[in-house]
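Quick heads-up: structures coming right below.
The two complexes that follow have chain A in common; it is paired with chain B in the first and with chain C in the second.
On to the complex of A and B.
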């Protein structure tokens, strides 16, 4: 297995911060707000690896820092400590697998934006974050291609309609604004937009939250299908144990900004070690 | 002449600043150089950006032409010309494109090709082409810095989806020297190719927005377009597919304005560039 992403010691805090922030927060103190300076420690010392074609689940309650971790990796937020290396897979004719490593947090903003646009994909819980509601669904997808220097109108149209077909949005509705779409369709357009540059790494932040059960199932099916066809690696953030069970190969459990348990999904769900995970699994309906 | 103000109305310091900004604009083609646009005795939006450039550049013995929408005798042109005549004693004014050293223009580039020794000053209402897609100036500067104009192209994409062609009639975003995209002031699409490898220096001044930028001579100016849907200028063909001609001079190769003939109610087409039209009519008579 080829490593795609290696995150070491990722930390993010909101506030002015003091030297004692990290030692007085966390699951042991049942808070992520520093008692000395009031700083919110959203995530501390997160370390994990992601391999090619793998789906990594990040599970935890609201405010446990799951989204913060993903936002840092997608450059929506700047972490205050830690490093992340992205091994960009390169495919050449007649050669074996090779990869080009990027130190994610040492790149300049322009390089970060290029990487986020061309090599990463992001699907937000709220489609308003990922889509521009003033332009058509096709235009939203075109934007990412245009940013990646594809300047051929017919190619862009073809690619956008391909992607919409694949995500089961009727290509006839390509020229409509996403604001006329249902929530599930908006989410599908977001997935199509994220996939249009064939990114090796996809972030999914609570993609099924707020959708009804049948639509949830269809979206999860779609995600699995994409993963199996394109061997896209994914990081799935959710508080829904069902999503984790269905999608994730490995899972991290987070609480108060720390990883409290990690391992194979089956193991964590069947034999949780940490008391919080035990409660979480036991409370699942 | 009113001795209460110096030659060119602006004080020497102001003129020096505008010249320095112009030099910087020439050095970085298409880059919008900020400057402290002075208060002029006319409202902002009446061409104060172009006027300040003209006043800073003009000297005794220079010949000036002022155009408004191609015409020398419309309100904006007449007022600006008389103001410059009043404040710059010793300059000459003309309506001829070929005789002018300095041409200040609103919304048109003359049809007659410009020469290397001429300077064209354009009045600009909105200098930033990105303003239609990004309201924050901070973010626009970032996009300009990275030459990321994908959102403008999305705008064109949406246009083609909706109308099967790019419907922008003026202010067509144009990439200068392979990097910065400018708003070439409200010149029609017809005039945009004239910027490409122009022999004359083109300076653009926005008084209200306090920006100066330039298309230096022999610099590439490519209108944004798709690889398979190239940029097109106005075709001026009628319903039978023939090119319309000017009703006054019969020219079939100029930018035409549409008028409604008050007696017959029909549309009449005439050259927009008054000097060009006169020249063509004279040539026909000979």
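On to the complex of A and C.
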């Protein structure tokens, strides 16, 4: 088992910031707004790792900073401190060389776009963020392939149709726009789009929130199946304990922008240490 | 085959601190024993003695409050399971330590043949191999073939327990933890399970099992560890009785 990602000291603030932002926010003060300058400390000093083939859950209530963490890693947001190293397993095949490490936050924009497009996948809670609703489902998927320098029209159609089949969207609907699709199907198209470049790392941000229970179940089954077949590593952000229980090998619990607890998922659920996690688990069961 | 120690539990204790109630709840206290390869260590004692807490501490579903849980893996140096990093524990769960809990927790939409073949797939076997071994194990435990393709969600307690045991047995782990393996089984099925456990012992698997029936202990155990409820719980009970 090889390490895929190492995040150290990741912090993100929204606002002008002051030297006292970090000392007056967090679980102890029950807020993530700085009392001195009003800055929102969305995430502070997050450190965690992810191994190949592993699913890491990030759990916490709205505003706890769990989405901020993945948005920084997917380059949607720029962190104000910290480092993240991505060990690309692509450079591991048939050699004894270590995987190629990328310092994610030190790359230029073009390099970041290339990684986000080809080596990472992202599925957002809001399909508007992941899909262009005015171009066809196939076109959405093709976008990522074009950026990855696949230009042959027939290849692109074939690959898009393969992915839609795999995510159980009828390829006959490839030329329809996602605005005509149900919520569950929009998520499937997002997943197809994320997977089309075979990324070793997938970010899932509340992907089942707001969907019907049966649709949720089908999406979760699909995610598990992908993980089994392709050994894709995933970071799953959710406030839903059921999703955590089902998907995650390990779990981080966040509150007010901080990681308050981390461990094996069954341990977090059966032997939570922090008072907040104990309350959370007790209210769910 | 020589019986080498594969697990040594030294002074294991577990307490839960409940923040809401500001209360310390003891579960296990000062537990010591050794599990050898090819042998079965039985954990016995009254309800509340902390037997399950010992198994969960070894599997790291619980974080030990005190003590060491020294495991000798198939390769490399011994590991303190109470302290080892999470990746090491996950790796051991995939490869060599299995836990059959009292109740079956599975995906509600998975066929039992898939549930049982999963541990073999985790070990790196092909799906075809894993399915074949899973079917053989379900057959050995006399689970009717018409049920193999169904999800265990609607099964009876005894049927679920057979799936649960089949999943633990099939991969021949190095260390197998069993929480009341025969509690919900009829006498005929219990016999089948006894045979499987004897076979695992012959294959060199080290077993740690919670039993409530003395005849099971007599037939299967090579050593017996009797646990008593932690002292504070006893004194609470006495207080309540007064």
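The definition used in the following text is that the second predicted complex is superposed on the first by the 276 of 285 C-alpha atoms of A that agree within 3 Å, B and C clash if a C-alpha of one lies under 4 Å from a C-alpha of the other, contacts with A are read in each partner's own complex, and residues count from 1 in each chain.
Here is the rule we go by: contacts are C-beta pairs under 8 Å (C-beta built on N, C-alpha and C of every residue); 3 or more make two chains touch, one makes a residue touch a chain.
The structure presented is a predicted model; accordingly, all values stated were derived computationally and were not measured.
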item	value
First, second, both or neither for A:51, with chain B first and chain C second	second
Which of chain B and chain C A:263 touches, first, second, both or neither	second
Partner chain(s) touched by A:206 [first = chain B, second = chain C, both, neither]	neither
Which superposed partner A:278 touches (first chain B, second chain C, both, neither)	second
Partner chain in contact with A:240 - chain B first, chain C second, else both or neither	neither
Touching residues on chain C, where the partner in the complex is chain A	16-20, 56, 60-63, 86-87, 89-91, 107-109, 121
Interface residues, chain A side, partner chain C - complex	1, 51, 54, 217, 221, 224, 228, 246, 249-250, 263-264, 266-267, 270-271, 273-275, 278-279, 282
Interfacial residue positions of chain A with respect to chain B in the complex	109-110, 113, 135-136, 138-139, 142-143, 146-147, 151-156, 175
Contacting residues of chain B [partner chain A, same complex]	142, 145-146, 148, 150-151, 153-154, 157-158, 160-162, 226-229
